[in-house]
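Heads up, the next two complexes both have chain A, just with different partners, chain B and then chain C.
This part shows the complex of A and B:
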């Protein structure tokens, strides 16, 4: 049953590319939209029996009542939601006809790939699905064929190729030790073998590969370029799901399920995460481009997820997964707002904007909600995940890292308020006096995502009580 | 495991290391878009060789072959897309020099 999640988008893709192009061009938008929506609703309701197949929880804490009981389900939910939003946003940016058909096909391919990453149960399939998602992301980034997009895509391609080489070398070394590829067999083989230099080298190479793909700080060079140069709907998709699935989710999956926690792994994860949090937040302060600022903020938030993973307690893993979900929601929301701004004003330079909250009330309010959520202001969703991360750090005696996480949270509040003040607050300039609110599809996207952020934040304390009592 | 000729393994290991050095040299020191892609190809070939050797040493040749065939397919798709991007860059910049890729900064 679960393989439907991979096969359905692929079969739909094949049917769409058969003859009857003119008919297919008309229905492609609706088909893509409904596929993503069906997946999100299926996961969120979780009413079907087939979820029980993989119901061995990653950690006892991971049974949130927002309809998720496992890491895979979390990624499936994010994927359905963000692809739905991306489709709606693309309606304003990509014209009807051939272009939108190609865009939707690529997006569906990537959708199937992310579902595959979520459901893969052996190392090599994980690699294959990662490549599927990466390759469709390359094409999506340079979809508009302008110069910056090609440049950003090329940087991503080269760094991604190096990450691929690292992962494959590591797979070869693991194959040498275990002789098999499935998660259980590799886990058993790694447990039985003493941690020789060969195994340590394999683990290190694998972690490096994921760090490059996720954009954790020593390897973050490509991320800002790719996010900024891609067209607006593609940035929503890249920031919301694509790089998260390829880098962060796969990292969590491999570390939790295959490698298991070990002191050197934890130290590397904690250090890389903390470095990413601080460097990403500081780099944000100097940016003038709206999307570039969001990209650096993404690096900082990915750092939080890696930091939480490095704690290696069930609470830490749960916090990492929860922040993963929250990040997909509020970062997509901010990129949707960036898209609305770009279409309304024609620029992304923050110095040329100002006072837009009066002219664009929905965009202003949802953007303020997303900023407060990222900064960790109660009662929004981001507050709870950051609180969980800091509690987990403190309770496992990583006091320095807890301090860094808390201080960087203040820094986050600082740069997010800076962004709000520059773009939305203040008085309207003369050249912006005729700006109107965005189209209905952009407004619907913003409202849905803002409702999810607020809803999860407000409802979370009740779930937290259940977790503590149980 | 018992019938493995250690000299063969040693030779393959040397070749793999050489391919790795050549590939990384191509990517980082030649400043040419096409050569960078050739470097990626060399690196993937090195990894392919490593996987086949691992399969031979552990006696799982069938699995190793399946993996390598899939790997070759993925690699071809990857290199086609990357070449398309290189053609696009050449159309915009008129050059293949990677040092001219300085448009995005900050």
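This part shows the complex of A and C:
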């Protein structure tokens, strides 16, 4: 049954690409939307205990080992939700017809790939799905075929290629040691032959591959360009789930399930995480482009997730997973707002904007909520995950990192307020006097995501513990 | 109701009542004031030389509402109520056309209430309550004087509040040491901690009596505040209260020994106050301001007397306090009389008023010779007692006191000459004598000066000597001084003062400039100039220090602000700009970073492995 998560989108993709394309072009939007929605609802129901989430069935189909646990469910949920949002946003950006058909097809491919990442239980299928997602992401980034988009996609391809080399090398080395690919077998083999330099090199290469995919400093060079140059719905998708799945989720999965925690690995994760947190936050301050600012903020937030993972305690992993989910929500929300602004004003330069909260009340309010959530203001969702991270750091005696995390959280608040003030507060300039609120689909997206971030924050103490604590 | 509560409650209620009455109903307010003060006079005289105790259940921590009437307090109570009544009588005429009459009457009555409370309280906490309450009316009475008087009022308030704070600490320390806050039960030896408490309490007491260095608001108030205020508080009531508490401290609460360093400290304060204040008085060109410096100078005699810790000195100090209340009050009232009739108190303009205002002049002469210490007026007898005590403790103190006497006499010769003798200016042709309401209090006070001088045996033996209790047994302080050498010196000094005045007048041809040879003496002229510019005023110095401190704190504050607002922001934004500069969009650079990062990670892992 789990394999349906992978096969259904693929089959739908194939059917869509059969003849009768003129018919298919009309229903493609609805089909994509409903697929994503169904997945999100199913998984959400699973979170509330509908499924027996602890069963790990192994299917022989396609010789892939797949299985599900809480972490996979979280990614499946994010994937469903963000793809749904992306589809809705794309309605305003991608014109109906051939373009939207192609866009939806690519998105469905990527959607299937992310589901595959979530469910994969062996290293090689994980790698394959990562490549599926990456390749569809390249094309999505340069979907508009303008110069900036090609440049952004090109940088992403180059660095992804390097990451691929790292990963393949690492997989080859691991295969040498273990002779098998499934997580359990590799785990057992690594436990027996731990700390040989070959294994350590393999682990290092794998980590670096994920760092590149996730955009951890100093492997982050491609991220800001790719996020900024992509068209608005693609930005939402990239920031919300794509890079998170191929980079962060895969990193968590491999470290937790395969490599296991080891002091040197933890130190690398902690250091890289803290570096990302600080560099990302500081770099944000002088950006003038709305989306570029959000991109650097993403680097900083990914840093938090990696930092939390490096703590290597159950609480730390739980905090990492929770922040992963929260980041998908509020960063998608901010990119949706960026899309709304771009359509309404035609610019993303923050210095040219101002006072838009009066003209675009929903965008202004939801953006404020997202900013506060990302900055960790109670009772929004972001507060709880940051709190968990800092508590986990403190309780495992990483006082320096706890201090860095707390201070960087101040920086986060600083740059988010800067963004909010420049764009939404103050008085409206003359050139913006006729601005109106965005279209209904954008409004719905913003409201859904804002409701999730507020709801999760308010309900966190009651419900989400159950999901996250493994 | 206990009779001890009446001197506190009657004026207080009357004072509040006056505030509620329309300011046009002048007659009613005057009537209420006179009635209330007169009732207090009758009550306090009926209580005179009696002993009584009144206690309410305490509120814990040794704070009990205890009133206690005994010899000294009944004597101070009678004196203050009597002076209040005389001032009230004087005010009926003096304040007739003044807009602030309503407030003045009200504050006067409330002041009287607080003074009675402070004098009667046996518990230090309640005494402090009334004592602090006086600050309010002090501020009010000065501030109503003129539009800018609030500057002086704030000055007075600040000085008194600071010293009252010292006193508050002293009271806390005393209560801690003695285990009780009831004055009648406290008796401490001067251990180091008790010495601290003693000094703190003395600061409160002598500041209330406006001794140096807590004096500087008095001359300012003389110019700004209503004149009856000067006659009422600085000249009389505050002296009574301050010296009352000082003698309480020295006689009852602590056992001050004649040879102790604290005694010398008090005598030095007294001596300095005498000489510096009188030197300042000497050069004043304003009737009221000149008197105000004398009001400070005379406190020096009292402190000197009590500070000797000898029975004869204490008797002299307290007797001088009483005498000072009479003649200083009388002098200020003559000043008010001149101000009201002539419209000015500038000595350069006045002159020749003797013919026009004979009764005022008569009162002035009696009070002036009293203050100068001419026999057989009251000032002479109290000063002789103090001289005697001072000589016993050291010739330097005696010399200072004698010198003070000389300058006092000189400055009053100058004042009398400038105001009442000499040529009458044309614009004062039509000046008339004041009304009887103003003359009566002056005349009464002047008469008392004579009576207390000629019949000094009665007040000394009946009023003052019993205060000392067993210490004074076997002594006799009354009658004409027995030490004729001292009297002789006093007379020589007075004669020298007259000669000096005559020389001065001859040299300059004018009464007001008779002391110019002292004023413009080589070194003194510079010092005087600085003093007139308030260079030595402790309040001004304190203000300067405070503003310097404030400037330093401001600078520190700016520095902290700068760290937060400029430095940290600039560092962070500088870093941010640098990061932006590094992210130049060149993908080869990004690839290089990634490869470098990979090498570092792998080297780190393998080195650890």
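Everything that follows uses one rule, which is that the second predicted complex is superposed on the first by the 439 of 470 C-alpha atoms of A that agree within 3 Å, B and C clash if a C-alpha of one lies under 4 Å from a C-alpha of the other, contacts with A are read in each partner's own complex, and residues count from 1 in each chain.
The rule we apply is simple: a residue touches a chain if its C-beta (ideal position, glycine included) is under 8 Å from a C-beta of that chain, and two chains touch if they have at least 3 such contacts.
The model shown is predicted, which means the values in this text are computed figures rather than measured ones.
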Task: Touching partner for A:38 - first (chain B), second (chain C), both, neither - done: neither
- [ ] Applying the touch criterion given at the start, work out whether A:205 contacts chain B, chain C, both or neither, answering first, second, both or neither.
- [x] second
TODO: Would you check which partner chain A:224 touches, where first means chain B only, second means chain C only, and both and neither mean what they say?
DONE: both
TODO: Go through the superposed model and pick first if A:197 touches only chain B, second if only chain C, both, or neither.
DONE: second
Open item on the list: According to the stated criteria, A:282 is in contact with first (chain B), second (chain C), both, or neither; which is it?
Closed with: second
- [ ] Determine, under the contact definition given at the top, whether A:458 touches first (chain B), second (chain C), both, or neither.
- [x] neither
Open item on the list: So in the superposed three-chain picture, is A:162 touching just chain B, just chain C, both, or none of them (first/second/both/neither)?
Closed with: both
- [ ] Determine, under the contact definition given at the top, whether A:23 touches first (chain B), second (chain C), both, or neither.
- [x] neither
TODO: Would you sort A:265 into first (chain B), second (chain C), both or neither based on which partner it touches?
DONE: second
TODO: Identify the overlap between the chain B-contacting and the chain C-contacting residues of chain A.
DONE: 151, 154-155, 158, 162, 224-225, 286-287
TODO: Using the touch rule from the top, collect the residues of chain C that touch chain A in their complex.
DONE: 572-573, 575-577, 579-580, 583, 585, 587, 589-591, 593-598, 601-602, 604-606, 608-609
Task: Of all residues in chain B, those that touch chain A in their complex - done: 23, 27, 33, 36, 40, 43-44, 47, 50-51, 53-55, 57-60, 63-64, 67, 70-71, 74, 77-78, 81-82, 84-86, 88-89, 92-93, 101, 103-104, 106
Task: Contact footprint of chain C on chain A as seen in their complex - done: 151, 154-155, 158-159, 162, 166, 195-197, 200-201, 203-205, 207-208, 211-212, 218-219, 221-222, 224-225, 263-265, 267-268, 272, 279, 282-287, 411
Task: Of chain A, residues touching chain B in the complex - done: 124, 128, 131, 135, 138-139, 142, 145-148, 150-155, 157-158, 161-162, 164-165, 168-169, 171-173, 175-176, 179-181, 224-225, 228-229, 286-287, 289, 292
